[in-house]
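Here subunit A shows up in two complexes: once beside subunit B, once beside subunit C.
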Partner chain A sequence: MITLSNIVKEYEGKQESGRAVDGLNLEIRKGEFVALLGPSGCGKTTTLMMLAGLLKPTSGEIHFNGKLVNHTEPKDRNIGMVFQSYALYPHLTVRDNIAFPLRERKMPKREAYERAKETSRILQIDHLLDRKPSQLSGGQQQRVAMARALSKDPEILLLDEPMSNLDARLKLDVRDEIRKIQRKLGVTTIIVTHDQEEALAISDRVAILNGGRIQQYAPPHELFNHPVNLFVASFLGSPPMNLILGQLKESGGRQTVLTEGFEYELPAERRLEKEHMGKTVRFGIRPHDISICSADQPGSLRMKVDLVEHLGSGKLVKAMDPEGRLDTMIRLLTGNEVQVEAGDDIYVTFKADKFHLFDTENGGLNLTQHV
Partner chain B sequence: MSTRTLKQLLVHTYLTLFTLPIIAMIVWYFLAATLNFTTGQFSFENFSFFREPVEYAGVELPLIWPIVLNTLVYSFLIVFLEVFISVPTAYAFSRLDFKGKNAAMKFLFLMRSFPGITLIIATFFILVQMHLVNTYLGVLLVAVTGSLPGRVYIMKGFFDEVPWDIEWAAMVDGCTRYGAFKKVLVPFVLPGIGAISVFSFLGAYGEWFLFKLLIFNDDMLTLAGYLARLVTKEDQILNYGLITAIGLFYTLPIIVFYIFTQKVFMKVNLGGAKQV
Partner chain C sequence: MDHLTDRPAAVGPAYRKPFKKKIYPYLFIMPFAALVLVFFVLPALATVAMSFTDLNASMKPKFVGLENFKRVFADYNLPDILRNTAIFAVLSLAISLLFALVISVATQYFLKGKIAAVVYRVLWLIPSIIPAVVYVTFWKYLFDPTEGGLVNRILLQFGLESDPVSWFSKAAMAIVILATVVSTISGGMILLSAAINSIPEDLYKAAKVDGASEKSVILKIIMPTLKWPLMYITISELIGFVSSYFFIMLLTNGGPMRDTTTLSLYAYQQAFNLKYYGYGAAVSLIVVAISFVLTLLFLRLFDFDEMIKPSRIED
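After this line comes the complex of A and B, so read on.
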């Protein structure tokens, strides 16, 4: 088990507020696959480097299996790491690259080569053992990097954007394969990525970072369905969640969100605490939770279609409110069978059990209850 | 004749004309060494220096073979020293953070472009004080000190090119910082080490000034210094034939060396580390 508690990493003199990581807490169970996800500069790579021991935290503690490792050298941490650039040793053959960590442990050459061969078989690169890295394709180099990281049977596997140099199709294959190998070997794995699809697809739990702090740490579906704050909600999902500005109101036993002229009534089972009334909020709803309906449906909103994008599996409709009641245009997803075109007038409703309300203050906290 | 061929003809004539003096010089060089100009016949009498000490017009120099040995020992020693000092120094300048790094780097750059010859009088006095005049150690010290800034500067450029990922990977894979340097970074910058080795070797091989200045025993000379001593005291060259013959003997290894090393250093094999 890996525990990060109150980790702070300051870079000296670079910026005024040079905190790359600012009070980070994280717990990773044995055998778990965890992704660190966030926009660039959020501190995810810094965190990984601290796990590897290549950077030392300014304050806070890192424990591996209950043992404090803050001052343990990278070589003594028993970690395998795959770098974004793969960082293969160009002067060594694939065999020697994979055997390198073993040879560093004073394993006899013959045994190390035997192990290298076994590992290369798992990654299906055993036919490339005699080549030099420069003679390999990007995908093959990536496999060699994986094999090198795994050959020493590490306790923790760290992956730093391992797939960002692969083309889109290969990425999918490699992703599945990494996941399969991880399951098979049961090695605790931490991946750093800025690709949310990759993070959600591959990992047991995802930690979303922003500004050097963890915003939310949860399994993928929970992140998607129950974002704790505005950042997580707007960061995850493509196309992104619609976030409409409004104000919470209560009158006559009804709770509503009021925009500039449109009132949305909160269903009875999703009522908020009284203390929230009067707050300015963002009404968040994902594009697939908005549906097109008939004009006479209660609570429906008339919109004008601005643009229709064909996504193949469906259509993405961008619609404006001609009366200016909403502060933003909205995106919604429909099936291919729905006939809409730019310029059409449509009526939309929001799924009552799917919306979120985010405070515009307090770090964009999600006010709605998790069901 | 089309304009294109005409153009080519003009260009080629022009280039040939301008190359001719250089070719003529080289031809003359070979002829002067092997032709007796009074009789107009080929002879190898100028090459008698292979067998006996040189002696003419008041110039007396020892047999050439010990000098050749001196040259080889001196040159390789210089290469060894310069590589051995400049590679770790360049690594430090490229990779480590230490106090005064920037100032030291600027100083290094200044020293690289500083005409060393202006310091030679002070250097001489210091060597006299240290009793190092007329010793190899003195020459080595002055030569290595003079060329190190340039070598460090070149090597730093090579180390700057090495991705951090490679060094980190080595450390994660079980190396200490020094282990990573030795096992991964040095192989990575091998072309650079090759380059500075060639430079140092050529520099050492051609070093005559320091020998003229600091070495008084003729049997301690190297080939370049030996050649320089062939000029008589009155600064008149009397025996052109002998000078060109020894000059030819002096140049030949360099030409052979160039032909081989050029091939080796063009074959720079890098890859497997796409820099981000």
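After this line comes the complex of A and C, so read on.
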């Protein structure tokens, strides 16, 4: 088990705030696959480097299996690491690259080569052992980097954006493969990525970072369905969640959100605490939780279609309210069978159990209860 | 896709580059080609031609065939001179390579990014930017045989020697090599430092994670990167040492006796001091031949063919 408590990392000579990681707490169970996800500069790579021991935290404690490792050298942490650039030793053959960590541990050459061969078989690169890295394709180099990281049988595998240099198609295959190998070996794995689809697809739990802090740490479905704050809600999802500015109102036992374009009544089972009334909020709803309906459906809103994008699997409709009073465009997803074109008037409804209300203060806290 | 490309291409009048465009690249090269011809090719041809004549101060050359070359090989000075040349070239090369390597690794790996390391390397450039004549004057002052020489003064001051030492008669070759090496180190150092600097930071990080020792980092990551720069430095410096005479001429003029006379200095002295132009030309052609053979040897030694070989990539 890995525990990070109150980790702070300050870079020397960095202006304003200067904290790449600012009070980070994280717990990773043995054998778990965890992704650190966030925009660039959020501190995810810095966190990984501290786990590797290549950077030392300014304050806070890192524990591996209950043992403090703040000052343990990388080589003594029993970790394997795959770098974004793969960082293969260019002048060594694939075999020597994979055997390198073993040879540095004074393992006899024959045994090290034997192990290298075994590891290369798992990654299906045993036919490339005599090549130099420059003679390999990107995907093959990636596998060699994985093999080198795994050859010493590490307890923890650290992956620093390992797939960002692969083309989109190959990424999908490699992603599955990494997951499969991780399951098979049961090695605790931490991946840093800025690709949310990758993070959600591959991991048991995802930690979303911003500004050097963890915003939410949860399994993928929970992040997606129950974002704790505005940042997580707006960061996750493509196309992104609609976030419409509005105000919470209560009158005659009805709670509503009043936006510039419409008033939406909260369903009875999702009513909020009284204290929230009067607050300025963002009404959040994902594009696929908005559906086009007929004009006579109760609670439907009239919208004017501005643009229709064909995504292949469906259509992305961008619409405005007819008077143009909303502060933002509404995005919604429909099936290909729905006939809709720019300039059309449509009626839409929101799925009553899917919307979120985010406070515009208090760090954009999600005020709605999980149902 | 094949059935599409199998179709014969439409036949039309082939595009022909207009003459004006064709001639452009040559127009750009022409002025420099003229310079190359006048300053490189003609003197080389003249030297070859001269070596087959008895051209001397009288300026009435007569064709003598291979006579000059026969004389060179029969010259009783030759064994000593060849030995001096070999000692000078090999020791200078070895010492300057070693220093360049050690300084580069120290400043660009162990002290990477430190201001002091950069300043230190800049200091090493001083000898190569000072005019040779001034630089030689400094060395002469340093090892002056009288009490006025810096080294002698220090030795006398501390009572290590009772009489001033005549350095240039005792250790002329050592001084020549020392002075040469100090001023050539910087060239190799710059190339090697640049090569080390080009190693991606990630490789060092990977090595740290893999538990690599400093020895492994240097031998398995840094040194292989330096192979081609080392080859270039070795060959260019070696040619430089074999064919340069200027420095030695200013420092010792080949003396005492012929102790520091190298082949190229000998060629110069024969041609310009004694005005045996034909003979000097023949000696200098031998210098060229030696340089040529050494270059081929080192290209082979460094396995240059491997560098030109294309890499193999498949998906």
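The rule we apply is simple: the second predicted complex is superposed on the first by the 369 of 371 C-alpha atoms of A that agree within 3 Å, B and C clash if a C-alpha of one lies under 4 Å from a C-alpha of the other, contacts with A are read in each partner's own complex, and residues count from 1 in each chain.
Heads up, the rule we're going with is that contacts are C-beta pairs under 8 Å (C-beta built on N, C-alpha and C of every residue); 3 or more make two chains touch, one makes a residue touch a chain.
Since we're looking at a predicted model, the values are computed, not measured.
Once subunit A is used to superpose the two complexes, subunit B occupies space that clashes with subunit C. In the superposition on chain A, A:101 contacts both subunit B and subunit C. When the shared chain is aligned, subunit C comes close enough to touch A:139, but subunit B does not.
After overlaying the two complexes on the shared chain, residue contacts for A:59 are found with neither subunit B nor subunit C. In the superposed model, A:165 makes contact with subunit B only, not with subunit C. Applying the stated contact rule after C-alpha superposition, one finds that A:89 touches each of subunit B and subunit C.
Of the two partner chains, both subunit B and subunit C are touched by A:74. Annotation: subunit A residues 52-54, 73-75, 79-81, 83-85, 87, 89-92, 100-101, 104-105, 132, 134-136, 148, 152 touch subunit B in one complex and subunit C in the other. Of all the residues in subunit C, the ones that touch subunit A in their complex are 200, 202-203, 205-213, 216, 220-221, 224-225, 311-315. Every residue of subunit A that touches subunit C in the complex is listed here, in rising order: 52-54, 73-76, 79-81, 83-85, 87, 89-92, 100-101, 104-105, 131-132, 134-137, 139, 148, 152.
Residue ranges on subunit B touching subunit A, taken from their complex, read 163, 165-166, 168-176, 179, 184, 187-188, 190, 269-276. Taken in their complex, subunit A has these residues touching subunit B: 49, 52-54, 73-75, 77, 79-81, 83-92, 97, 100-101, 104-105, 132-136, 138, 141, 144, 148, 152, 158, 165.
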